[in-house]
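Quick one: structure below, then a few questions.
Chain lettering (A, B, C and D) follows the sequence in which the chains are written, and residue indices restart at 1 in each chain.
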Amino acid sequence: MAPLTGVEVAKHDNAKDCWVIVHGRAYDVTEFLPEHPGGQKIIIKYAGKDATEEFDPIHPPDTLEKYLPKDKHMGPVDMTTVVKEKAEVLPEEQERLKRIQEMPLLDQCYNLMDFEAVARRVMKKTAWGYYSSAADDEITLRENHSAFHRIWFRPRILVNVEKVDFSTTMLGTKVSIPFYVTATALGKLGHVEGEVVLTRAAAKHNVIQMIPTLASCAFDEIMDAAAGDQVQWLQLYVNKDRAITQRIVEHAEKRGCKGLFITVDAPQLGRREKDMRLKFTDEGSNVQSGQATDNSQGAARAISSFIDPALSWDDIPWFKSITKMPIVLKGVQRVEDVVKAVEAGVQGVVLSNHGGRQLDFARSAIEVLAETMPVLRDLGLENKIEVYIDGGIRRGTDIIKALCLGAKGVGIGRPFLYAMSAYGQDGVERAMQLLKDEMEMNMRLIGATKIEELNPGLVDARSLFNHGSTPVDNLANAVYDPLINPAQREKAKL
Amino acid sequence: MAPLTGVEVAKHDNAKDCWVIVHGRAYDVTEFLPEHPGGQKIIIKYAGKDATEEFDPIHPPDTLEKYLPKDKHMGPVDMTTVVKEKAEVLPEEQERLKRIQEMPLLDQCYNLMDFEAVARRVMKKTAWGYYSSAADDEITLRENHSAFHRIWFRPRILVNVEKVDFSTTMLGTKVSIPFYVTATALGKLGHVEGEVVLTRAAAKHNVIQMIPTLASCAFDEIMDAAAGDQVQWLQLYVNKDRAITQRIVEHAEKRGCKGLFITVDAPQLGRREKDMRLKFTDEGSNVQSGQATDNSQGAARAISSFIDPALSWDDIPWFKSITKMPIVLKGVQRVEDVVKAVEAGVQGVVLSNHGGRQLDFARSAIEVLAETMPVLRDLGLENKIEVYIDGGIRRGTDIIKALCLGAKGVGIGRPFLYAMSAYGQDGVERAMQLLKDEMEMNMRLIGATKIEELNPGLVDARSLFNHGSTPVDNLANAVYDPLINPAQREKAKL
Amino acid sequence: MAPLTGVEVAKHDNAKDCWVIVHGRAYDVTEFLPEHPGGQKIIIKYAGKDATEEFDPIHPPDTLEKYLPKDKHMGPVDMTTVVKEKAEVLPEEQERLKRIQEMPLLDQCYNLMDFEAVARRVMKKTAWGYYSSAADDEITLRENHSAFHRIWFRPRILVNVEKVDFSTTMLGTKVSIPFYVTATALGKLGHVEGEVVLTRAAAKHNVIQMIPTLASCAFDEIMDAAAGDQVQWLQLYVNKDRAITQRIVEHAEKRGCKGLFITVDAPQLGRREKDMRLKFTDEGSNVQSGQATDNSQGAARAISSFIDPALSWDDIPWFKSITKMPIVLKGVQRVEDVVKAVEAGVQGVVLSNHGGRQLDFARSAIEVLAETMPVLRDLGLENKIEVYIDGGIRRGTDIIKALCLGAKGVGIGRPFLYAMSAYGQDGVERAMQLLKDEMEMNMRLIGATKIEELNPGLVDARSLFNHGSTPVDNLANAVYDPLINPAQREKAKL
Amino acid sequence: MAPLTGVEVAKHDNAKDCWVIVHGRAYDVTEFLPEHPGGQKIIIKYAGKDATEEFDPIHPPDTLEKYLPKDKHMGPVDMTTVVKEKAEVLPEEQERLKRIQEMPLLDQCYNLMDFEAVARRVMKKTAWGYYSSAADDEITLRENHSAFHRIWFRPRILVNVEKVDFSTTMLGTKVSIPFYVTATALGKLGHVEGEVVLTRAAAKHNVIQMIPTLASCAFDEIMDAAAGDQVQWLQLYVNKDRAITQRIVEHAEKRGCKGLFITVDAPQLGRREKDMRLKFTDEGSNVQSGQATDNSQGAARAISSFIDPALSWDDIPWFKSITKMPIVLKGVQRVEDVVKAVEAGVQGVVLSNHGGRQLDFARSAIEVLAETMPVLRDLGLENKIEVYIDGGIRRGTDIIKALCLGAKGVGIGRPFLYAMSAYGQDGVERAMQLLKDEMEMNMRLIGATKIEELNPGLVDARSLFNHGSTPVDNLANAVYDPLINPAQREKAKL
């Protein structure tokens, strides 16, 4: 059969007859429109046209092959006959491209925040919006890091720290440093190659990567990108259709995944207003339509409608029955549920609030950790389960604080996304190296030579549970004339 | 009798002989001038002229008919003969009209704060001043919301939250979500139709509206606007003349009101300086008159001189004797008075500081709630009375926090006024829908499927009673050179 | 003897032969130069010239007559022969005069902070510097008001508050409201008439004025300005020469002063850098001289060298022996010393840190009060002594808080100075009236009808002792992209 | 031998054949390049040229003579034959020179912060970067001073404070005031003469100077600069080669040093990003090289590679065996290690976090002091050891707070560097005099006449252990319309 021409495809350019081209092949998505988790509008925008660029970051490449009925696959298109849209470069985009030209050198990034600052300048704003946004007022997002600022060190001195070893094990795997790359969705929004960039960087630094359910790359692509005996874990959103979930889990185990992290803090994906606001601007809208509050949900909720809000403790035995991978519950947020997790016989928990993207005013994982470990020790359970945390970790000292308070390791997500978005694999590797440098130095400075020596006595976390917030005294501030330092003399008078 | 002409009315244009036109009828208000709660000045400004526009938002339409002696009703005016004042559009007003042209679309409002931001830009500044102002330094105004920021969640995971039901009952009425539209004065300042806009929106969302004593619409108008069996409550400022109060209460009961909310926190209406400052500018003044501090009191106090400061616990039995409606005390601010309210045999209390508009440094209702419920439980009284709170509620999570701490429901006022002022009924409906969306999601995320499951164990409110406030170290801040992120390179050097 | 001419006086224009003209009379101050508490430089600047304008605000009019030996009084000067310095109006001064032209009307001041805001704009900057400055980093200055923000109300409701009476007694004198005008130095810096302006305003409002040792007006002028049986107190800096002190005390008692307030927190007057910085600029200086740190001390220390740093508890019996006036120690700062004061048999104490002008990081008086009263009650001493506080009182609510915590009354200083400096006597009267208005309203709102009903149960002062202060997380703040409200649409797109 | 010519030296201008001129003599550093602690790059930049200006602030003058093999000393150079680099004055440097022209007069510096403000404007930015930078987020840097703001005074009144004596002893030496000049590196970055400037100022004020291992001046130069019986101490970084350390200690003792302060908080010198960022800019770099994170370490780490990370408690007896000087451990950070220090038999400890330059989130010394002294008293050890603190002391009140809490004295570093950098010896002397003035006044104001009277009862340090940190509520802040003071009238309307 001769390939289709652009003209032929272009005839199907409306909601009632809607074809799109993806990677040089045409698909009839007319019947699929109402079911598209991301809404009809975004597809109709590309009706009769090439949608590849929009499609790619949001969907793994095998999506259409897997989920669209074969009879809707209309066949290859002769792309030379497809009219290329003259990409109009908006002023805003021109400025972004200029900012990319003037990016700082990678060597000028000295800490994980630096990558975030650069990424904010050079990423497309919708991509930045998806990565950086969080729930409601984004209080938990920021509290995640702020909480570490309420923990202070009590370092030991005069300890021989010539040799410092901060390698450890996680679920039985030896790693070079106690962090792993946690699962984050839609990697291709930040980098054209997507999650495999993280895979390669993780291999270089001998740390574990957790593969996200909502990756831009296909699961197998990410597994294939692994080097030698590189260890990977699977992050799982549980599907309403358990058969699909079972297929995913069994496939992951067969491919060699070494841990199953079931997300338990997302029965519904969060509203992220920054993301919604940016998406809205992008799409346009010209009706004061009013009540339909769900028409501009941002990238996050568009891709997640399959997640099962009915998932409960009763499902855990079934998971144990279908896999031999260690099971870890990701998103535990109170000590009572950690105890329950021990009773349920899982191997680990990740104390996490999903990077502040779900429930605003969820406490930081580090605070939940400080609540949890003393109880586990009281109950004699501290060795029955591995406790991880994620959220807000930006410094080697943050990792050390978590380990002092009893964490087995920490997950880090956004910082690596930002490093990848700004500088690709080099960026991610440098970010990891910076953490290692900080870790080595700060282990020395706290007087610990190995991970086992980190203990609660090395920190003062008494202020961790304090949450202040007080209205400002505007009138008194307005009338107060602040003290100043000596001014320059206007001219040298001598 | 032939209608009056504009020329005839215009002769009565001074303090000693003062007529005004309202809704096409002339009134002789000369003798009434000294008694006008809003002061003489504002009436004299319209002496001999049409005062309708100024009159409308401040007074229910039946005011003159009801309160001005019949012999002062001078009869209809032929409005074609009345010189229309060339409304000079001041630059400030022109800018406001331009801002209205460029208002964000309703769909771009994602939370209740957004309506406030839009309202601030598009409302007349005096109207904004009346709605947004509060007592003294407006510390309590802001504390009302800030206090919620000192409460954090302890969510449960792995709870089947597929079906979430957040309907509840209030004083026996089934409602779709545990908030009601609380009473706020002068609705026509924000919207030409006034409080009936709120009535209609409340009907759509199946929530209760509390009708304010100081409504711009007449009480019966608001009752008439109700749909079917829509439930409404009456907020009552008690008049020095109890006969008037009795008439109001009996009328409300007859018309079908289902609850009587007696305001107990306003023996005198508060000084609101923002309102006073704006009003002053509007009216002008050219005398350095000095001691008369009561000549520019803002809208609030002008309309409230009838309120009885002698109201006391001794009056409660009388109220019980004149109505069968459930009685709720609105404005309780300490646990001791909640206990007294139980003893007095009322059905409920609203912990409230009147939106921060009365006593500055009154504590937030949510803090008083956290003080109150443990004591009620200790005394075995927690089921003897329904406890509501209002003030500062802006998020679904705020509602959940209040219910976890023991509230039966929450009142929301200003946010709906702002939504109405900016977008009319559509705005109010969307605001309510946003709360429902947030409520549904956050019930899921906290692991609760119905209202009864909300309990104190789901929150950490230990910091709620902390009130910080510390002077800034200006000199040390001035000399500290903050860390910065990497700068852009001025030109690409490669 | 014929009056001197300007030419004759002008010959004595240097440090070795130095005459100055004050109020039309010439004085030979050559020998006095080294003893001038304000330094030689300022006098030499006026050698041979008319120094009246500089002299007046700093010295009571009788200073030279009293303290300079008669043989140095060179006699009257024919002022028509004195060359008037062409007062060059600097650009800065021109701007100030313009600001005075555009001052807000007095009616536009709604609270005590407003007067401060106006005064800052219209006062000479050196005068503003002297009044507004405080010790070191001015932390205590601001803490004085901030501390009140850590106290919250627990109002009673349903109390008949139709009649509110907030009159009280202080040292046996009936006053209309529980504040007094506390002593502040150099009133003529703010107003040409000086302290008598405060005297007259105090009379109008029936409150007590405390007369400062360092007044610009002579003591007798201030006494003479009193109306009828107006009550005044004397604030006393104790002189190294006790004979002088005795004369002052005896004279005050004879003139009818009703209380002796001995300042005990100022064995040395504080360094106030804002004042010093402003003074420096004014005087000029052209030597990088280095070590002499005491050459630009600001107005405060210049006028206070006579104060006795050796004053101690041992002196109290002597004071009791020379006067029958009630004795109050002003500047007590810890509960131990209040107990000592009871034992020493004085009638009262003022808990005070001298408006933050002496020891920075001295605690606020309100905090010391909260520490003091429970101890006095424990010891059964609460009725043995009257406890006053001053510092930071700006609101009626501040007064109420102080009285709830056990104060007999409060002193207010700077706010009246600012009101006087901006608007003269009218300003001071309005400031007092505003406090009365606030007091009346807030007594009602807290549910108290008389002063005796104010008690600790009406406030929540648990946070009063908390003093936070935490470095800012600059990097994390720099990379965080704050949430925003919906933007205006750039053009109406419909 | 005839001196070398510039042309001859210039031939050796590359990494494989690299000569440099320092102080008129040529050196062959080719073989030394890989070992240079500061990296090869900076030397190669000067290959074949005169490196004196770059060399001087970083190295004591005898460095090359001491450490470079004699056969690499190529002999004197005829400097008239060396081409002078036309020093291009960059715009940034021109602005700095202008700022120096317009510096405030020394007399205008009223407190220690003022010197820092001036130094920031007039120092070279790399020098400022080295002095002012600290570890990670510089939280500890700022906490060091902030912590003092959580301590408040409880002054005694009516104490005869005519005579105040704040002299004390440190390690047996009588000093005029309880601070010493603590050791800080690279004095010539701030002043061409380096540390001897501090020596001379210390002599004038009779305070002790601690001589740094990493001084720009040679040790003997600094000893030689001492006046009469001026006391100096030695700060010691312990070398991996203990023989070198022994030589240094024995030499210091022989030269008359009266105390040996062994730095125990720096097994590795900290990463200081501000310094690194500034250094990077200076050096330039044009490769996106990626992983080598250690190529731009800032001045600090470049000079410190000899420090022994293996130093431990086991080394203490050896130190006691090689010297009779009192031994003090500098950098102790927890009470447990203070107790250990007593057991180890040393004479003192300095509670210190190295000016915030090592471990970020190390607690302030003043907080560690408040933790330490009660324990020492409990154990009866408070007189067995002298406890010093350093870090963040900027005010006389800070010194008093430290002494009240039990410190024997305090070390002050950066403030004197800043004073020296801005104003040379005069600046340092004035800084010291300001501290004495503040000390005298505040001793009086707190009611203490001698050091021994300072005790914990004079302060309220209950808030010292509180560490807050809370995310900002951006949305609520954005919509809140702050209260304002009355505006000016645009024109006088009267």
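To be clear about the criterion, a contact is a pair of C-beta atoms (placed from the backbone, for glycine too) under 8 Å apart; a residue touches a chain by one contact, two chains touch by 3 or more.
In UniProt terms, the chains line up like this: A, B, C, D = L-lactate dehydrogenase (cytochrome).
Since the structure is predicted, the reported quantities are computational estimates derived from the model, not experimental observations.
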Would you mind reporting the rotation angle for the C-alpha fit of chain A onto chain B, rounded to the nearest 5 degrees?
90
Tell me which chain's centre, taken as the mean of its C-alpha atoms, is farthest from chain A.
C
Can you work out the whole-Å distance between the CA centroids of chain C and chain D?
41
Between chain A and chain C, tell me the centre distance in angstrom, where each centre is the average of that chain's C-alpha atoms.
59
Touching at least two other chains at once: which residues of chain A meet that condition?
105, 108, 110-111, 113, 117, 137-139, 142, 146, 149, 273, 277, 286, 466-470, 472-476, 478-479, 483-486
Of all residues in chain A, those that touch chain C in their complex
111, 113, 116-117, 120, 128, 132, 137-138, 142, 145-146, 149, 273-274, 277, 286, 394, 468, 470, 473, 475-476, 478-481, 483-484, 486, 493-494
Interface residues, chain D side, partner chain C - complex
105-108, 110-111, 137-139, 141-143, 146-147, 149-162, 395, 397, 401, 423, 426, 429-430, 433-434, 437-438, 440-442, 444-446, 460, 462-463, 466-469, 472, 474-475, 478-479, 485-492
Chain D partner contacts - residues on chain C that touch it in the complex:
99, 101-105, 108-110, 113-114, 117-118, 121, 136-137, 139, 264-265, 267-268, 270-271, 273, 276-277, 280, 285-296, 308-313, 315-316, 329, 331-334, 336-337, 340, 358-363, 465-476, 482-485
